[in-house]
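Just below is one structure, and these are the notes that go with it.
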Amino acid sequence: MKYRLIGVALIVLALGLSSHAFATPSNLLNVLRQASLIFLSASGLTLVIVGAGLDLSVGANLGLSACFAAAAIKATGTLSSGFAAGVACGIAVGLLNGLMVTKLRVPPFIATYGMLWMLYGVNYWYMKGDTIYGFPPDFRALGSGDLLGVPIPVYLMTIGLLAGGIFTRYTTYGHEVYAIGANAEAARLSGIPVGSRLILLYTLSGAMAGLAGVIYLARLNSAEAGIGSPLLLPAIAAVLIGGTSLFGGSGGLAGTLIGAIILTLVLNGMNLLGINSNWQPLVTGVIILIAALIDSVTRRHAELHA
Amino acid sequence: MLNCMPDERALYMTSAGSLKFAFNGLVLLIAALVLAACGESGNKSPETTRESVALFTKNQTNPYFQTIRVAAQAAATELNVDLVNYIPTSNDSIPEQMSQIEDAITKHPSAVVFVPVDSKAMIPGVEKFNAAGIPVINLIDRSDGGEFVSFMGCDDYAVALNTARYLFEKMNGKGNVIIIEGQGGSSNNQKRVSGFKKALEDFPSVKLLASQTGNFQRAMALQVTENLLQAHPQIDGILAANDAMALGAIEALDAANRKALVIGVNGTKEAIDAVKAGKLLATGDCDGFVQGCMGTMAAVRHLKNLPVPKEVIFPITVFNSTNYQGADVPYEQRMCPKWESIVKN
Amino acid sequence: MRHISKAFPGVQALKDVSLTAYGSEVHMLVGQNGAGKSTLIKILCGAYRPNQGEFLVHGKPVHIESTRDARRLGIAVIFQEFSLVPYLDIAQNIFLGREFPGRVPCTIDRGRLHSEARRILDLLGMDADTRTKAHRLGVAQQQMVEIAKALSQDARVLVMDEPTAAISDREIETLFQIVRKLRGEGIAIIYISHRMREVFEIGDRITVLRDGANVASLRPSETTLDELVRLMVGREVDTTYRTRFCEQPGETVLDVKALDTKSGIRGASLTVRSGEIVGLAGLVGAGRTELVRAVFGADTVIRGEIVLKGRNLNGSPAEAVTLGMGLVPENRKTEGLALMCSVHDNMLAAGLRQLFPHGWYTFTKARKAVEGLIQRLRVVTTSARRPARLLSGGNQQKVVIGKWLNAGSKVFIFDEPTRGIDVGAKAEIYKVMERLVAEGAAVLVISSELPELVAVCDRAYVLRNKAVVGELSRKDLTEENILRMAMQHG
Amino acid sequence: MASLARVPGVAFLLVALGIVFSIFAHGFATLSNLLNIGIQSSTLLLLALPMTFIIMTEGLDLSMGAVLGLTGVILASVLVAGNSLIAAFGAALGVGLAFGIANGLFVVKLGLPPFVTTLGTLGIAQGMALVLTGGESVAGIGPALPKLYASKWAGIPFSILVALSMYAVFHFLLYYTRFGNYVFAIGGNREALVLAGVPAGVFHVSVYALAGLMAGFAALLLTGRMNSGHPTAAMGMEFDAIAAVIVGGTERQRGNGWLPGTVLGVLAVGVLRNGLNVMALPSSLQVASIGLLLIAALLIDSIRRIKP
């Protein structure tokens, strides 16, 4: 983990030297705000991957929840109904994913990839290409406002990080998730109710995607069917750069936050330095490979001296 | 912690019952899907007397194309013609639009109104229509090849140029601006950005600080604008390659309580409302609703071998705080204009 | 092989070991787990390279840098861990890496592949079709294919690492015939085993390894069982696994009535009382593992009842564990442990809810619990953080037992607890079992090692083709009775 | 060779879809439409075939779509520069192979997890494609490729011919050569292969190299179909390929691969999309039904596994 922090420091240093505007507090806060949004959508996903699962429907789920939340706010005018609709939709999708993976034993890749298509279908049918826009300022503050100088999504991120950290380290549930990720059959034969734990994980992932959907709605001040689709790959990249392994049993939320920060730094740096946009995927790809290299070297090092 | 090889499909205790229930549920769902399908195509049995027009649009999510589809349907019902929509399942997917062209040919529509995903890549598709003897109206984005009955659309380059000029005039010719580009690889993004750049040449004292991509997405445009606001303390104007990105930029400005004149392209309803509210300076377009109507009308006229001009360039209107009136009516209530009112010659 | 030494980070696996294999002779290699036997073999077959040491064939020095060199010199190895590819068929598995080239370049001459495979299988008396995929074979058949694989290399030196661990007595007999036939053909056989009976039955020469060094090299006639064990362990090991037998067992803790399971068990009934060690005997394939997995809730039950301390189980491991039942499974690497996790995490896996009933996990309490268990079970590990993967067989088994002690289980089911474990660790495991029972726990143990069953159990049930055919009380619990019951047909 | 139990759920779904569409979708069951399905699915099949090998060796390759985009653009640019089709095709194969070998070396030699590695190379390939073309599609590639693409050999369209011959090559590779055995072995029991004295690393890298090569082949078809090269034309195709392979019955565990299943997976999606287009169903329903198809196929597998 400490190697990855050094990695982030190096990137910040490099960007700070090359662009005067980078190292200003307002820009760093700006980066933190953008990173916390990726973190929120990827936090639930992290726990699913720790449990050796996979949730490709995060992006689509986020988009649908944002649309339902928007419709709810427009219909009832109250923000709480928007929150409720968004998170409820997220939970419902997560639950469905969990049931498919555990009870119907559909492999996680196919279950959530199939769910992704179905959610898009529902979203296109529901929105019919329209957008719902124009929300009250206090709702929009949730996404783009700040409190005591710190962007509100950053508070939400810290709450998510603390809650996630406590769940994984200080509760028996958390440790059981790591055991399931490491060897699901051994966990089952150790009396851990693997089925219900995984359903809990997928539901949690759905709930976080739903919550992130509401925050994105507040930030964008509008909802359309396509919000979620570009958010899937960054969420997965953030989790993987953060050192959580797809085979399960290792990694955590702190890593995902660092992954989200690294991804946002790349975009922020490219914008500030005015580098032609066509170079963006190239730089992101190289950063992902470097992070993976650091991760495998530290892992092999740790293995030798365990 | 290291990684090891857990069994991806862990063996849990599942009662076969829950599986059976889920499977029956699924079969019912598929059956419902099929019934809905045959219900749909039932009334469109092949021996219909009504002509059928196939409308190809680029994606499901951009409200601009929803306007086109609503308008085309309005014209189709008015002219008593069937309208069949072909929209790729993954947005702006070139191979998928190509497949949809081939599939549509087997249905042999009477005429096609075609909005290409990419001006060059879709040429073989149009040639397939020509080979099948199906008349094609090229709508909105000009395809660089294949025969068309007529091209009806507006020139992205000109729209961008005029809207940018309007912005620079409003900035009375000086100040700093940034450009938010569209998706790398899309042809109308190339045309609009070059239109912006041409306008810049006409106003030498307007300085271009940066040109970054927002991928035609509101969220990314917001993030890019936030970043650029950090780098450039003084930004007077923002040129966005479509309305969604313009509105994203506005959100970023509000959040950072900075002021700048923002322009967009497409003239979507939301953009018109933003112009009305004074947040968006202007949005250039040739009125998507009118184009949707004219596309279908042109197709029907051709089938009735009424004259259809080879090319119809819609007048470019830069909707700003003065002239947005007609455009903010919801599409459902709007009526298609008369053919003669648009086509002079 | 002369003056071989090999060091891994943190441990000197082999110190100046020499081993000479003579033609037409079965050379037994014995020693505790971690004595360096498998490292020595891996060096012999080129999988590892020694730090020092030299190889001589008929007196001339040779180099063994890779598995290819070893094979060129006619050295073939049968490993304890099965080396079969599940979705390739028997013939492809036998000739993996040595396929016969077909007419078209880089293709395989499938006809010849299957005919050669057929020839070797007939030699072994195995009638399976050479086209069946390996994942469809039973454990015993897989072992036979492993042996066929070694024979196919018509090796001059054949190394067998515990070949009889998973096969029935009948198949062991066929194996011994083959070994004797090969010895007759002048092949040098190096045979590793933990079963002392085999050492004396078939061994011509014995080399004992302890802590990576030669301890003794002698003939079976020159030594006795106890002396051999003392040489292996380096201290007096009382092989009397159990001193006090249970005179008056407590109340019935586990009661299974007329159990039918999807895995083929028919009408099985048994009871286990607290303070008692009950054995479950039977031939390989008699259904012992299927029975205990059903009792534990791991496999589906069709009919019958499982009553644990008065409560009826509904067939989920989670419920069985909360009611105090623990299963030490047959293959600990895939079902008992999470190999990538540390000893600490593995030991805590089952008892989390017992150790922290309110759900809040505290590091200090967890560390103390694990430290206590490591002491109590004398688990040999550099630290609690060491991945379970790096532990020897015996220590891994202790970690699994520790897992259930942590969960405060009262009913223990051991499925082949001492398979692949050396004599020293075996004794310790049975000591642990005895202590558990002394503290009032109930133990049900499956073992194919009949002498161990007889030495340990208060009474035993015998299974034959998926049904309980009889019960033997303490006094008539002898190997002959078990075998008679287990073998009787019809 | 394949017993009935081996046939995955998707086969029954494919048959069901065929029947349903032939009845309800007028014009579906005509030869021209079936050829259409073949042409449309041929590019995806070229990606799915090597993907089967990769998934069998417990790996994953996300970069195939982006590499296809890049090789397509290179093929077009070389043609536009006036060189022969052979030179352009060679360049595309070369670049594809380079990316494949790079993926292989990262995964096999450096031991990086496949998902992360190919996510990285996805970015690199897409970035290079965009930088090379400045984001525009490359047109004016001359008549050679379109003529070849449109050509019919004994009535069979060129792209279907390429797809079928590639399937034959892969089928031969997997079931009749040592390389095929070793692919099963790398997925099933890599340790056994190493102990058998086989240089498992070389074969494992060549599985990824094969994927890169196939991207070059697929570029020939895609560029021919569009008569131009486009940097981001094939984005997302790799996910369709992975789905087709898993639906076809190949598991990441224990080297359980079944090549014919992959073809069924590719055809199932192709038939569904084509059928729904021909029936002109609303597009949102089309999108949802693709998800439904994938899950239904796996559900059938799960149920068959529960009942012995």
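All chains are identified by letter, namely A, B, C and D, in their written order; residue positions are counted from 1 within each chain.
Note that in this section contacts are C-beta pairs under 8 Å (C-beta built on N, C-alpha and C of every residue); 3 or more make two chains touch, one makes a residue touch a chain.
Given the structure is predicted, the values throughout are model-derived calculations rather than measurements.
*Asks:* Suppose chain B were gone and every other chain stayed put; which groups of chains would still be connected through touching?
*Replies:* Ignoring chain B, the remaining chains still form one piece.
*Asks:* Please identify the chain with the largest separation between its CA centroid and the CA centroid of chain C.
*Replies:* The most distant chain relative to chain C turns out to be B.
*Asks:* Roughly how far is chain A from chain B, going centre to centre by Cα mean, in whole Å?
*Replies:* 29
*Asks:* List the centre-to-centre spacing of chain C and chain D in whole Å, with centres computed as mean CA coordinates.
*Replies:* 44
*Asks:* Give me the residue numbers in chain C that touch at least two other chains, ranges are fine.
*Replies:* In chain C, the residues touching two or more other chains are 316, 338-341, 387.
*Asks:* Listing for chain B: what residues touch at least two other chains?
*Replies:* Those would be 1-5, 7-9, 13-14, 19, 22, 60, 89, 184.
*Asks:* What residues in chain A touch two or more of the other chains?
*Replies:* Residues 104-105, 107, 117, 120, 124, 178, 182-183, 185, 188, 245-247, 249-250, 278, 280, 303 of chain A touch two or more partner chains.
*Asks:* What residues on chain C touch chain A, complex-wise?
*Replies:* Those in contact with chain A are residues 9, 296, 298, 316-318, 320-322, 327, 329, 334-342, 345, 348-350, 352-353, 356, 359-362, 383, 385-387, 390, 403, 407.
*Asks:* Touching residues of chain D toward chain A in the complex: what are they?
*Replies:* 66, 106, 110-113, 115-117, 119-128, 130-131, 134-135, 239, 242-243, 246-247, 251, 282-295, 297-299, 302, 305
*Asks:* For the complex, give me every residue of chain D touching chain C.
*Replies:* It is residues 172, 176-179, 181, 184-185, 187-189, 191-198, 254-257 of chain D that touch chain C.
*Asks:* Tell me, which parts of chain A touch chain B in their complex?
*Replies:* 19, 21-22, 24, 26-27, 30, 33-34, 52, 102-105, 107-108, 117, 120, 124, 127-131, 133-134, 140, 144-145, 178, 180-185, 188, 194-195, 216, 219-222, 224-227, 229-231, 245-251, 267-268, 270-272, 274, 277-278, 280, 299, 302-303
*Asks:* Show which residues of chain B lie in contact with chain D when the two form their complex.
*Replies:* Interface residues on the chain B side: 3, 5, 7-9, 14, 16, 19-20, 22-23, 26, 29-30, 33-34, 36-38, 40-41, 44-46, 60, 84-90, 93-96, 98-100, 102-104, 106-108, 118-124, 144, 183-187, 189-190.
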